[in-house]
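A, B and C label the chains in the order they appear, each numbered from 1.
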Amino acid sequence: MTAAVATAALDLRRALRRAERRKTLGGLALALPLTAFLLVFFLLPILGMLGKAVENHELATAMPRSAEALRSWRGLGPPPEDVVAIVATELKEAHARRQSALVAQRLNREQAGWRNLILSTARRLPEAPNGTWLRTLVELDPAWGEPAIWAGLRRAAQPWTDIFLLAAVDLTRDDHDSVVKVPEEQAIYLDILGRTFWISGLVTLFCLILGYPLAYLLASLPERWANPLLILVLLPFWTSLLVRTAAWIVLLQREGVINDFLVRIGLLAEPVALVFNRTGVLVAMTHVLLPFMVLPLYSVMRGIPPSLTRAALSLGATPFAAFRRVYLPLSMPGVGAGCLLVFILALGYYITPALVGGAADQMIAYFVAFFTLQTANWGMAAALATLLLLATLLLYWVYARLVGIDRLRLG
Amino acid sequence: MLGSGLLGRATLWLYCGLVFAFLVLPILVIVPLSFSAGAFLHFPLPGLSLRWYERLIEHEPWRRSLGNSLVVGAVATLLATVLGTLAAFGLARARFTGKSLLMALMLAPMIVPVIILAIGAYFFYQPLGLTSSLLGLAIAHAVLGAPFVLVTVSATLGALDPTLVRAAHGLGAPPWLAFRKVTLPIIAPGVVSGALFAFVTSFDEVVVALFLTGPAQRTLPRQMFEGIREEINPEILAAATILVALAVLLLVVAELLRRRSARLRGLAP
Amino acid sequence: MRSTRTLAAVAAAALLSFALPAAARDLTITSWGGAYQGAQRELYFGPFQKETGIKLVEDTWDGGIGVLRTKAQGTPVWDVVQVETDELVLGCEEGILEPLDWAALGGKDKFLPAAVHECGVGAIVWATVLAYDGNKFPNGGPSSWADFFDTQKFPGKRALRKGPRQALEFATMAQGVPPAKVYEALRAPGGVDKAFAKLDSIKKDLIFWEAGAQPPQLLASGEVVMTSAYNGRITAANRQDKRNFKIAWNAGFVYQIDSWVILKNSPKKAEAFKLVHYLTRPENQAKLPAIIPYGPTHVDGGKLVPAEFAVEIPSSPQNLPYGLFFDAAFWVENVEKLTERFNAWAVQK
C-alpha cells in the first residue's frame, strides 16, 4: 500500500518535472527569435567592431610578399637589401594597381606624414635600382634611411596590431617596439576619458540634487496627486532628445531667453556665454537625464512605509535625525539605481555635447563618431569604442549585482 | 522628518516647483517661438504667424524625412513588438540556469551606448546590404526597441493572476480561448505601451541614423540634427513643436493604458 | 484591429521599397549647405531636374579628405561633390575620384587655369574673410587680423573654422606678415609653431564652426563679436535677413577655387557628368553672384556677371589686392598632419 503510494508520488513528481521541462522548452522556443535576432544584429556587430580595433590587414593585402619578408626580419632598420628590394618593387606594383593609397593610409596611422612619404615614393620609384634599392629610396626621401619608417612597416606587416588600443590610452611603440608614452601634444585620449567620467559624474550629482527632493515629494503625496505630477517628469522623457537640445540652445544663447531675462531683471550687467561650452553641456545633459534619476528613486520611496519615520519622530528623534537615520538609508537602493543608470547613460552621450558643447567639451562617443565618419580611421574608432564598452559593461555588471537586472526599467 | 514643519513643507514645494519648471519650461518655451512672425528667437514676438509651418510643409526634405521616419518606426515597432512579446512569454514560462545571463543580453541594448551599436552596424550591416538602407535602420532600431517591449510585457505578465487563467480552464475554455479572453486583454496594455516605447525610440533615434543612412534615407531626427547644427531657426522649432505635441499625445495614451491595465488587474479603483 | 491591419500594410509596402538595390537610387549632389546650397537649389538643381528629368537628391558636408574617403567606400552614396583644392588633389591621387572628360566641358582653356584639374572642374571662386556685426561697432570694427587676435581692444568671443586651413594663414597675417609672404612664413622652420602659438593666445575666447551657415548665425545671436566666414554667407545674410554684417576685406582674406568632382564607382556616372556640365555652363555660373557673391570659374562666365554684383566677389578689383590665393601645394603636403595637430590642440582645455 505504502509502496504504491510512493510509486504514485514518484510518478507524479516525474510527471510534474516532465511538464516543467516541456514548459521550459516551450518557453525557450518563444525566446529564441529575439535571442537569434540580437545575436545577429547586436552581439556579432559589436564583437566584429572589437576585432576592428586590432585588425591590421592593409599591408598584407596590398603588398603580401613585403609583409612576409618584414615579419621575419628583426633588428633596427633599415633591413637587409633583399627585404628592401621586395618592399620597393612591390610598392611600385601596388601603386600601379592603385593600392599604394591603402598602404599609405595604414602607415599614416603610425605617424602623421607617412602617407606623403609612401605615396610620393611610390610615384617616383624607378624600374631598376640605382646601385642598391636602399640607396635609391634614400635618394627619393632621406626618411628611408631612418629606423622609424622600417619599424612602422614591420608593425604594419603583423597579422594584428595593438597600436590603436595603445593610442587610445596615449601610448605608442618606439623603433624597438617597446611601449612608450606619446609626445605631450598628442596625448589627448586619457584627458578625454577623464573628461567623459568627470562630466558624467557631475551630471549624476546634479540629477541627484534635483531629483531626490522631487521624488521625495512625489512619494509623500497621495497617488491621485502624485500621478499628474509624475506626468510632468515623464513629458521630457517622451519628448525628442533633439527637441530638448534645440530648446536649450534657444534658451542659453547669448541673446537667448535666459540671458535676456537675467539682464532685464538686473542680475547680469551683460549677457554671459552659457552655450557651446561646459555649462551648456552640463545643463542640457542634466535636463535630459533627470527623469532617469527620478523614476527609480520614486519607485523605491513609494515602498518606504511612512509609519517608520513617524515611529522615529514619536521616539523623540529630531526631524533631521529621523530623515538621516531612517528614511535616507531606506531610500539608498533608489539612489544607487538612479545614479548608476544616469552615470551609465551619460558615459555614452554624443548628440547633446556635440550640439551644445565646445571643442573641449566633447566626450568619448564624439571621437568614435569623428574617427568613423570624418577620417575613416576605423582602428582608432574601434579602440575608443572598446574602452567605452568596457567601462559600460563593468558598470552594467555592478548594476546587475546591486540593483538586479529585472529592475531595469527606463520608463 | 524633512519638510514636516510648515516652513519645511513650503521650502520643499518651492524647490520642487523650480525643478518642475526646469523640466518642463524649456520644452514649452519653443512652442510660442515657432509661431513667431519674425526670424529671430526672441521675446516679445513681433507677431504671430504660421509661416514656419508652411515652410515645413513646402520643403521637400522635411516631407521625405518624415515619411522615412514613419516607415522605419512602423517596421521597427512591428519587429520589436513581436520579438519582445514572444520572448517575454518565453522567459515567464522557462526556468533554466543562465536565464539571468540571457536576460542581461536581451536588456543590454538599453544600456550599451548607442554609438557602439552604430559603429558595429556601420561595419557589419554592410555585407548584408543593410547600410544606406531603411531596412537596416529599422532592424537596428528594433534592436534598441525590443528590450522595452520585453520589460513592459514581462511586467504585465508578472502581475497576471494565474488563477484567472486556471479558472477559465476550469470553466471548460480551450487554451486558445482562455488566452484570447483572459490573458490577452490583461497583457494588451503592456504590449501596446511596449510598442509605443519602441516607436518613440525609433522615431527619436539619430546616432544610428547618422551612421546607417545616405541622403535618400534621411530621417526626421537626422534632418533636425543637421538643421540644429547649422542654424536654429523657427522652422526647426516648428518641427520641434509638432514633436512635442506628438510626445504629449503618446504620453496621454501610455497613461490611459497604464490605468486600464491597473483596473483590469484589480489594482486601482 | 483595423489599425493593426493598416500598420501591417504600411510595413509591407515599406519592406517592398526597402528591397530596391543601391544602383536604383537617385543622383546625389553634395554641397556646402545653408544659403549657398539654397542658391544652388534655386538656380541649378531645380532647373536641371526640370530640363533633364533626372531626379536629384541633395546632401550637405563641411569638407575634409577623410569624409571623402569614407564616402568612396564600396558603392558610394554620393555622386557629384563640391570639394576644396587639397581634397581634389589628394582624392584624385588616391583614385577615389573619376577623371573628367574635358572636351565635353568645352576645353581646358575655357576655364581659369586654377580651375582645371584631371579630376575636377572649378565651381566657384570664394573667400574666407573677417566678418562682424556693424551694429555692434558704431565706432568702427576690426580692420586687421591683428585686431581679431587682440582681445583687449575688442573683448568678446570670436569664431574660426574648425581645422588648420585658413586659420594658420590668418594667425600668420596677425603677426604682421603681408598676405603675399604668408606661405613663405608658414613654410619657414617654426612658422607653423608660431601660428599655433598665436591661435593659442586667444584660445579661451575662441569657438569653432564647421558649417558655413554657422558664422552668420553666431554673429546674429551675439554669441561672437567677430568671426571668420565664407564671404558669400555674410552678404546673403545682409540681403535676405536685412543684417548689417560687415566684411573687413582690407584685413586680408584667403580666396580659393572649389571644384566639382565625381566619385569613382558612382553608379550614376553618366547623369553625374551631365550635371557637372550643366553646373559649369558660363551662363549658369554668371547667375550666382546676384544671390550669393561667389565668382565664376568659366572665363566667359566672368564677363556675364552684372557690374553691380561683381564688386562683391572676392576677385573684384577693389578686393583682390588684399587677397591671398590658397596655396594648394602647401595644403596637399600638410593638411593631414596639421589637421591632426589642430584637432589635438582644439580638444584640450
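Definition applied: a contact is a pair of C-beta atoms (placed from the backbone, for glycine too) under 8 Å apart; a residue touches a chain by one contact, two chains touch by 3 or more.
All values reported here derive from a predicted model rather than from experimental measurement.
Undergrad: What chain lies farthest away from subunit A once each centre is taken as the mean of the Cα atoms?
TA: The chain lying farthest from subunit A is C.
Undergrad: In terms of C-beta pairs in contact, which two chains are most connected?
TA: Answer by contact count: the chains A-B.
Undergrad: Could you grab the centroid distance between subunit A and subunit B? Build each centroid from C-alpha atoms only and quote it in angstrom.
TA: 23
Undergrad: Rounded to the nearest whole Å, what is the centre-to-centre distance of subunit B and subunit C, using the mean of the C-alpha atoms as each centre?
TA: About 38 Å separates the centre of subunit B from that of subunit C.
Undergrad: Between subunit A and subunit C, what is the separation of their C-alpha centroids in Å?
TA: 32
Undergrad: For subunit B, give me the residues that contact two or more of the other chains.
TA: 41, 229, 232
Undergrad: Would you please write down the residue numbers of subunit C that are in contact with two or more other chains?
TA: Where subunit C meets two or more other chains at a single residue, that happens at 221.
Undergrad: Find every residue in subunit A that makes contact with two or more other chains and list them.
TA: Those would be 253, 255-256, 372-373.
Undergrad: What residues of subunit C sit close enough to touch subunit A in their complex?
TA: The touching residues are 64, 66-67, 69-70, 73, 93-95, 157, 162, 207-208, 221-223, 333, 336-337, 340-341, 344-349.
Undergrad: Along subunit A, where are the residues that touch subunit C in the complex?
TA: Contacts found on subunit A: 98, 101, 105, 108, 112-113, 115-116, 119, 185-186, 188, 191-192, 253-256, 271, 273, 275-277, 358-360, 362, 372-377.
Undergrad: Could you please specify the touching residues of subunit B with respect to subunit C in the complex?
TA: By the definition above, subunit B touches subunit C via 39-41, 61, 70-72, 74-75, 77-78, 126, 129, 132-135, 138, 214-216, 226, 229-232.
Undergrad: Show me the residue ranges of subunit B that touch subunit A in the complex, using the header's touch definition.
TA: By the definition above, subunit B touches subunit A via 1-5, 8, 12-13, 15-16, 19-20, 22-24, 26-27, 29-30, 33, 41-43, 79, 82-84, 86-87, 89-96, 100, 102-125, 139-140, 142-143, 146, 148, 150-152, 154-155, 197, 200, 203-204, 206-207, 210-211, 221, 224-225, 228-229, 232, 236-237, 240, 243-244, 247-248, 250-251, 254-255.
Undergrad: Given the complex with subunit B, which residues does subunit A contribute to the contact?
TA: 20, 23-35, 37-38, 41-46, 48-49, 52, 210-211, 213-214, 216-217, 220, 227, 229, 231-236, 238-251, 253, 255-257, 260, 287, 290-291, 309-310, 313, 319-320, 322-323, 327, 344-345, 347-351, 354-355, 365, 368-369, 372-373, 378, 381-382, 385, 388-389, 392-393, 396, 399-400, 405-406, 408-411
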